[in-house]
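Presented sequentially are two complexes of chain A, the first with chain B as partner and the second with chain C.
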Partner chain A sequence: MEILKSSIFRFCKCQIWSGRARLVRGVPPHLNIQRLRGFAGVGQTRLLKDNQNEGHQNDPLQEPDFFQVSKLFSVRDLLNANIHLGHHEGCWNPFMKPYLYGSRERFHIIDLDKTATHLKLALNIMSHVAYRRGVILFVSTHPQFEELVQQTARDAGEYFVTRQWNIGTFTNSNILLDTTRLPDLVVLTNLTMFGRGAPPVKEAAQCNIPSVGVVDSDCDPRLITYPIPGNDDTPSAMELYCRLFKEAILNAKEYRESLNRT
Partner chain B sequence: MAVNLGARSRIWQFIHNSNVSKRIFNAVDRNINPCEKCCRSFGTYSKSFQRQRRVQDQSNAEFMADEIKKYEMGKRWLAKMMGADIETFTDSDVEESLRYLLPTKLFANDARPMMKHPSELFPESKSMLSSDGRPVHSAFYTGATAFHDLIYDIFRYSRPTGQVEQSESIETESDEGNADIESEETVIAEIVKQGKMRWLHQNELQALLKEELMLKDYEVVIHRLKRLASEKKHENSDDIKMFLERFQTPVKHEGSQFTIGQLDENGKAHGKGYRKRAMAEVWISNGNGQIAINDIPIVEYFRKQEDRNQVWYPLITLNCMGRFDVECNVIGGGSTGQAGAIRLAISRALTSLSSDYLAQLQTAGLLTRDSRLVERKKPGQKKARKKFAWVKR
Partner chain C sequence: MASSRHLKGTVLARVRDLLKSGVLKEKPIWFDVVATFPPMVEADFDRQPERGNVKRITFPEDSIRTRFLTEYESESCSLWQEAGNHSTCDRFVDKCMNLIGEGSNESQAFDQAVRLFKDELIPLQTRNSPGYEQK
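On to the complex of A and B.
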């Protein structure tokens, strides 16, 4: 219950961060026309341009879902990508309890409604950071998804660490990398591959860098700012996450470009 | 001007350079773009910090212009001191005059006084951040950008070609019909060539990437390159072949490095050889079989018959005893090592006398350097293998 509370608090905190201390309610007025179009991703940039032409140049922080990340995916998509499948009951992390729906044949099933909420939250923060020219770092040390994550980061024009995590990359960056420019958001996947103590998670927390993490039923969600409960071992699931991350970032960047152009 | 008078003078100059402090204050005063507010804490701090640290490299035009001005002034001073013409005083003249004015016997090059043009003296820009404060390269946080670019290229080439771009595949198909006959010849040539190719070693790959490469990373790269090369579906693609050839180099044949066939100015064949701790240098000329080692006849120099046999061995295998005079310098090692070193040196020298000798010497195994060295002594033992004497209880 504690955890559930804290996650709700986190949710509220995001809203505070985005300028209003209340939960999402309804769709902002300037988007009402666009609701009929319905489909994710496709009409989005056009839509953002329309907003601008109509004179709705609001501050993005005033809207709960300014970049319309909720239209990027549906719960059905998550189900089709097998995101609900967790690990065997034996290897669960009890801190994942609030995100679990139940267990079937001794395997945990993740609650996709909660996944959708958290995924939206994560995509929202990611869009905002990308919109403000923040540096987003993708970290995944799983060899199977090395190519996928690297491709995602390169396509989105962001940064990646897909091989071994050098301990001290954040905490000792002025020696190792000869810079003090740390990322503004860290996206972590395959937390179990980080090993004991999960140094990337720990360092991000130490350096006060917000982190987005895909947490499976055997991962520890405690130090992650925006956890996304969901399966992280299946290629279809990872492809979905990477596609969503990429789209969220590119949409936000495109919106900024369109602002600059006019 | 930068006359190197020790590390401290440079730091003093840096601190008292008024431009530096001015630039730092400017960085703080700069109006901040509202879009950058999110990264404010890192952005401004890191920018001023980078600026402060970047001051002494070539990216800082102001600093460089200042330095060049100082250098020119110093050059004119030197020219005046040396009584030379100021306009025609070149950089090499500067070095010469420094050597004359500040004579030194210091061994290390960087400890000697020097005065160089700032473009040589200061490093090129090393900053990895672009103007908007974001790192330039996607792999910036890994610390090994070239390595990750290479891995990414391998990924791209090993993808199924249909996925990359459809338009390209259509073009290549139409080309293949025309160029079938030509490609057969090239394929044969490729196979002949590939028989002698090997993958780059770690240090060679490091030089190619211009980046430090750890052994495990090198192994990963080579493993993936080999896998890419072994995939049969890529055999017809020129792009991939070109890509792979960048990481291959022709193998040097063991004998080929001695087949120069050149004699030195006295008409003598020259060769060097090594064995154990001994190093030998040999000059062979036509004669009647005199062998002198350090100006001493071989019979006096080597008391053991085995050592003499070692020296004669390449001449015996080639059936040319008594046809050549051999002069030899040898240092280091004991008698066995010296004899072996001379043997290798004579064999190597003989290869340059006639091309027929090479094959014979190679089959006799005379061109191989014997890489065995003395085994180290172990603690708790008397020698490398010998144990201390002991009695149970």
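On to the complex of A and C.
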């Protein structure tokens, strides 16, 4: 009962937080999606696995990859989605140098081994935050991927900002939006070139919210807690990221729901 | 939402200090997660970039391909064509690499391949091509 109360309370708070039209709420209850997904394979394997070793069941943080995010993708998938393609040498950010493999015909190529390790870590973090009922906010100010990111957030039962980022959405949120609560994880895709995409990153850091961000070879990775080096301008790459984010979140939620059921 | 809005240190370190001093009463949801799986690189705004340039990616056939494309036109190709070594240029370069592997040097291999691909190269000739004036 205690859990139920707190979840209702939290839900009301979220509604207040996304009350104004600028922040649009995703599909409110996770129940419909979760019930459908109960028949999918991933959740059931997870359940079976947990029945085998119940010692770890209470604390997912004990295992390095509890939600099995490393099985969601392979380096070959990243290559097929053109995630290795960076920008022209002229518009690079020197802070991206450790993530670059080399430059081919004046275009930077991103090291996919590093992308894979960073992506696994980021997906792991997202799963754990979703499992702990954290609020995840997707931020993408690129008009081309507005629909995709919105759909991802809706399917995952989370929140999004896909229009212009109003300065102070985090730092001045209680005045601008009457919020009582800030998100627990910010997922940034399509940071624009030369630091113009910086305000959400900077505000998340100022408000002490960890951030996951897709950084291309022209983005600044300094303030992002969990950067994912990779191409963020190609539809195939963005579809892969969004699919992985969605699956990581839904697996964690599925596992949480299964615990409540039993 | 209590914090001092500065960007010194990492997110985790700032919140840990706030908890220690008692400004924040309860841990944020993400706190244990980020403490257990720390970022691989500390998010530090004051760090310096690594020195030096990114290395070039080069292949041995690059010089042959460059020479071919200065002397002959590139074929038009379809967007729907599957990726792979299908164009005349690709097959020409593969042939050259085979010849170099058999022991001839680069210019010999190029000339030999031009003789082998004679018919296919006629529509691709430009004014830079060796036999252009005779035409």
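As a convention for this text, the second predicted complex is superposed on the first by the 201 of 262 C-alpha atoms of A that agree within 3 Å, B and C clash if a C-alpha of one lies under 4 Å from a C-alpha of the other, contacts with A are read in each partner's own complex, and residues count from 1 in each chain.
Everything that follows uses one rule, which is that a residue touches a chain if its C-beta (ideal position, glycine included) is under 8 Å from a C-beta of that chain, and two chains touch if they have at least 3 such contacts.
Nothing here was measured: the structure is a model prediction, and the numbers come from that model.
Once the two complexes are laid over each other on the shared chain, residue contacts for A:Asp184 go to chain B and to chain C alike. Once the two complexes are laid over each other on the shared chain, residue contacts for A:Ile224 go to chain C alone; chain B is not touched.
Once the two complexes are laid over each other on the shared chain, residue contacts for A:Pro98 go to chain C alone; chain B is not touched. By the document's definition of touching, of the two partners only chain B reaches A:Arg256; chain C does not. When both complexes are overlaid on chain A, the residue A:Ala153 reaches chain B alone and has no touch with chain C. Of the two partner chains, chain B and chain C are each touched by A:Arg132.
In the superposition on chain A, A:His88 makes contact with neither chain B nor chain C.
When the two complexes are superposed, the chain touching more residues of chain A, out of chain B and chain C, is C.
In the superposed pair of complexes, A:Leu121 makes contact with chain C only, with no contact to chain B.
Within chain A, the residues touching chain B in one complex and chain C in the other are 128-129, 132-134, 181-182, 184.
Of all residues in chain A, only 128-129, 132-135, 137, 147, 150-151, 153-154, 157-163, 166, 169, 176-184, 256 touch chain B in the complex they form. Chain A makes touch with chain C in their complex at residues 61, 89, 92, 94-95, 97-98, 100-104, 108-109, 117-118, 121, 124-125, 128-129, 132-134, 171, 174, 181-182, 184-185, 202, 205-210, 221-227.
Chain C meets chain A in the complex at residues 1, 3, 5-7, 10-12, 14-15, 18, 28-30, 32-34, 36-37, 39-41, 43-45, 47, 49-50, 52, 54-57. Here chain B touches chain A in the complex through residues 35-39, 42, 45-46, 49-50, 126, 128-129, 132-135, 138-143, 148, 151-152, 155, 217, going by the rule given at the top.
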